[in-house]
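In the two complexes that follow, chain A is the common piece, with chain B as its partner first and chain C second.
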Partner chain A sequence: MTPSTLLAGAVSGLLLGGLYAVTALGLSLVFGVMRLVNVAHGELLLLAAYLNFVISGALGIDPLLAAVLLIPIMFLVGYPLQRWIFNPLMHMGSEPPLLAAFGLSIILQNVLLLIWHADTRVLVTSYSGMGVQLFDVRVSLLYVLAFVMAFVLIIGVHLFMQHSYLGKAIRAAAQDASTAQVMGINPEQIYALTYAIGAATAALGGTLIGMTFSFVPTSGLTWLLKGFVVVVLGGMGSITGMLGAGFILGIAEGVGGAIAGTGYRDMIGFLIFIIVLVLRPAGLFSRSRV
Partner chain B sequence: MNIRERLDVKSASQQSEKQKHNSLYWISWLIIGLVGIGLLFVPFIADQYSISLAYTFFLYVALAQSWNLLGGYTGLVSLGQAAFFGLGAYTTALLLTLTGLPFLVAILASGVVATVFAVAISLPVFRFRGIYFAIGTLVLAEALRIWMINWSVTGGAQGINLPLASLPDPNSFYYIALALAAASTGIIAFILHTKLGIGLRAIRANEDAAQNMGVNTFRVKLFAFAISAFIAGVAGGVQATYQGTVEPYSTFAVSWTITAINIVIIGGVGTLFGPVVGAAFATLLDQALQNYASIHLMITGVILILVIRFLPAGIWGQAHKLLERRGIINALRRLSHNAART
Partner chain C sequence: MQKIRIRQAAAAVLMFIAMVVLPACGGQTTGPAQNAPKQILLGASIPETGALAAFGTYEKWGYTTAIDDLNKSGGLYLSQYKTKVPVALKLYDDESQPQLATSNTQKLILSDKVNGLLGSATPPQVISGAVVAERNRVPMVTGIAPIRAFLGAQPKWNYVWDIFFDELDMTQQQFLTMNTVASNKRIALFTDNEQDGVVMGKLWEETAPKMGYTIAYHATFPVGTTDFGDLIRRAQAAKAEVVITQMITPDAIALWRQMQTLNYRPKAAFIEKGSEPAQWATALKDAAQGVMVTGYWYPTLPYPGASTLRTRFEKDTNQTYSQHIADTYTAAQIMLDAITSAGSLDPNAINTAIGKTDKTYVVGPVNFAKGPGGHTSALPTFMLQWQNGQTQIVYPSKLSTAKFLYPLPAWSKA
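Moving on to the complex of A and B:
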């Protein structure tokens, strides 16, 4: 281990941090608005990755372009899930929806297994192997792309939540559903739309996962847990906090992996998670919700 | 009627209520005892396949009871039962390969190791409330799994093959698992009648109020957590020897937790016999769909969601409610009361 390998770990970790923030975005949104821990989010990401595999393969287009087509598709996948599965459970407290989401994740995982089998897949592009020089470190071009896309998406969602009518309605329903209802907002409708938007962000998250890593139908849990780490670090429901949280997780994994060995890489995030939750149960960057 | 007379009447009616309750209580235990004795003779008449099904059923009962004590009675939704189960499995595997300890000692040690782990992590995880507890236990279980994949002492990703010579013969697994299922159900039935059982349910209803009423919530939760871990750990030890091998991917798989939760929810959350009914259901479903693994799990997921939505009390819980509404439970009580009197 030399200073240069540490630096390489830190730089690629920082870039990956953006990707981590995107994959956790839907999880954070759904939690922030509905207080629903959507444990099926990992499977939504994978579903997007597999659909991208089909679309980009069939049309012969770049996966990033296919992701644009995927966004409305994932939106349409997400909407009925909240409408028909979670909305009827929302009045039962926080545990029944959580356990139903568990059921949904089992269903989705096995749908993926049934259709695409357990083979490892990657979204390959002509620039997959390319690299760029950054701070004396050669990093994968994909990491840089993922970083930029993540930044754009997160800022975009943040602006949408702050300034659009729907964004304001979502925030109103998140703060106080019954008052929002008096103001003419239908919380059930808002919840379904929020879940759909969360699933739509998984379109890009899943695409980036597929391009940067390989995936199998059972990788959902890994991504769900990374998402938890980011969401807890960033403060449950805070969107801008997630970028910072993603960077911290990415750098800690990059540097920690360089020190302890790549096999223990995934554990580092979990340790941070436990420590943060014990010390600051509300999260590191928590100030406001959504 | 003066106050003293009124009190007498009241206490007399209370006493007869208690007596009624007691006689039904003893009769139901008598029935359970008879079923238990019947189960002892099953291996003499059943074929090998049915015996292995029964083994799965008993293992499911124990796992489900272990989860139900936390998730059902205490309101601590744990997503980390796989950690206790996996630790138990590895403990037995290591003890049997490295030492000459007898099998029964090894599986009890499995329970102890899982309990020690539970106590060790209790300090951080009890700071998490509600869904944070669920996420925290899931993260810890996964962290442990990744540790096991990398740790060379436990064979890394390959795991450990148990020495065949030290394993009990296949038929005795039936009795071991039966004892495990009966003991876990019995322990929980016993706990429910103690002060600890009242504390658990007080925490489920409202943790802060329970604390204010003088329940030492940390201690009560710790006991529930430790007992739940012990049962899951022993179950892990039994399964390790039954399988003859342990490896991190399947031994620590989150699917053990999912199985336990499924069974409890389908059978009836927070009921003593819900896990038994749920385990029977899961075993039958296993058997019916054994050749279609992914469809099997898909159907399990669908059933889980449907039960949460339309049958939140579970099969046993709902049946109990229906019987109560129709007055059948009361009729049984009267009947058993009269029977006990004559």
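Moving on to the complex of A and C:
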């Protein structure tokens, strides 16, 4: 192990952390507002990746451009899921929606298998094989793109939450649904819109996964687990916390992997997850909650 | 009075004929055939979903087609019953998870009461089912489990039979192929923590010095690793001109793409297991060009039905063939031949008959008695290279179907 190996691990980890933040954003939003651990989020990411595979292939356009088209599509996928599956279960306690999310995860996984079979897919672009030099370290251009997009997306969602009427309504419903209802906010509508926004962010996350790595219908769990770590590190439901948490996880994995070996990357991530859960259960950035 | 006695005697004789003699001449309605089972049931737990699903596609086709071919001739002749009996196949999806391969095999034996078993794919899956077959004394024939990994799990098998390549032979092919060209003989090994990754990683470590090569870097990692950046940088720093890997397809694709982004272009790459399915070429397109993988079957080999097997698969599925269609088709054929030889559904008789197999099938010659451990039959290997979306044999020259593309073109030209 040399200083340059550590630097390379830190730089690529930092950039990869951006991708982690993007993929965890929807999970965080849904948890922050509805207190729902959306275990189907991994499959939503994959659904987006597969839809992008179809759209970009059929239209012959760049997957990032296809992702823009995919955002409203995923929004429309997410809205009815919350409206007609999760909302009726919300008043029954935390277990029924969680079980429904499990069920949804399995159903979505099987739908993906049925339609696209189990072959490994990749979103190929002309620049997917390109790399750039950063601090004397060669890194994937896609990692850089993911990093930039994480900033743009998370800051954008944060500003939306802070300054738009809908964002304020979502925050109000998250803080106290009963009081929000008294103020004329329909919490069920807000929940459905929040889930839809979370699914819409999966459009970008799924696209980045497909462009950067490979995916099969069963890859969702990998990204769900990464998402959980980011959400817990960032503070349950904290939007801006996602960014910091993603970077921390990415750097920890990158540097830890460089020191202990790539085989221990995931273990290092989960070790941090457990330590934070024990010492600071509300997360590292919990003040900036939804 | 005497007339009455004669009539009574005649009636008694007629009754005797009716009750005893006629049934014996009765063909279909009585005798051994009447007791014959309605069907012979074979079973397999295969990975139809999950990371190994590509293998499951080929296995399903190989097993099903072999049985369908037999059933077209009216079924399998059982000498014990002097009749042909149709063969059915029960398949369960093990979702590429070893624990499901175990429970599926138990279900096949205990609930479905199969007469014989066919294997899953890759050592963790195959061995998980095989130990259940062994415990319950139900014969199993399998492919897609390299022989030393298979024997590493249990050196002595009694009811399970494996036809696949021998890792010792397979782990020499890369060096033999590289001996035909010039390189710095420095190897970067990437092996995952699955059983065949561990076994073959060790064999390459042992074989390389004997063949005049140096393992400049050996990366080991868990299955499902997504980021290989650190490992690639180390391989690059070790100045390895040859990359040899043993990993599943999704991971192999991720590694190869990251090698491209980090501009690590070896002169030759052997992506074992991962680059074997056709999806390697469909997912990576031009970047797949030139990558090599050891093969054990090719449609041009002089084995009975080899050329038509490929055509049939591609016509049936509209997919590009894989060599696994041959070993899975053969595994089913061996089981069917053994049941025919046994003439009954007695598991011990079938098992003994499998052990006596000595025949050239579509995948090549199979003889368990001569194979390592007495329960394996090693298939001879050769080197395949992806060229323009198809695999071609590039080593040895006596089998080659195309010229060895070496060195790999620069990434910018890939």
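We take it that the second predicted complex is superposed on the first by the 289 of 290 C-alpha atoms of A that agree within 3 Å, B and C clash if a C-alpha of one lies under 4 Å from a C-alpha of the other, contacts with A are read in each partner's own complex, and residues count from 1 in each chain.
The criterion applied here is as follows: a residue touches a chain if its C-beta (ideal position, glycine included) is under 8 Å from a C-beta of that chain, and two chains touch if they have at least 3 such contacts.
Since the structure is predicted, the reported quantities are computational estimates derived from the model, not experimental observations.
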item: Room on chain A for both chain B and chain C (clash or fit); value: clash
item: Partner chain in contact with A:L113 - chain B first, chain C second, else both or neither; value: both
item: Chain B versus chain C as contact partner of A:G167, first or second or both or neither; value: neither
item: Partner chain(s) touched by A:F102 [first = chain B, second = chain C, both, neither]; value: first
item: Touched partner set for A:V37, first chain B, second chain C, both or neither; value: first
item: Chain B versus chain C as contact partner of A:S128, first or second or both or neither; value: second
item: Which of chain B and chain C A:L277 touches, first, second, both or neither; value: first
item: Touched partner set for A:E253, first chain B, second chain C, both or neither; value: second
item: Colliding region between chain C and chain B, picked from 116-124, 242-250, 260-268 or 278-286 after the shared-chain fit; value: 242-250
item: Shared chain A contacts, counted only where both chain B and chain C touch the same residue; value: 113, 261, 263, 266
item: Touching residues on chain B, where the partner in the complex is chain A; value: 77, 124, 127-128, 130-132, 134-136, 138-140, 142-143, 146-147, 149-150, 254, 258, 261, 265, 294-295, 297-298, 300-302, 304-305, 308-309, 312
item: Footprint of chain B on chain A - complex, ascending; value: 35, 37, 85, 88-89, 92, 94-96, 98-100, 102-107, 109-111, 113-114, 221, 225, 228-229, 232, 261, 263-264, 266-267, 270-271, 273-274, 277-278, 281
item: Chain A residues touching chain C - in the complex, by the definition given at the top; value: 5, 8-9, 12, 16, 113, 117-122, 124, 128-131, 138-142, 213-219, 222, 253-254, 257-258, 261-263, 265-266
item: Chain C - residues contacting chain A, complex; value: 48-51, 53-54, 56-57, 95-96, 193, 219-222, 224-231, 233-234, 249-250, 253-254, 257-258, 260-263, 277, 279, 282-285, 287, 411, 414
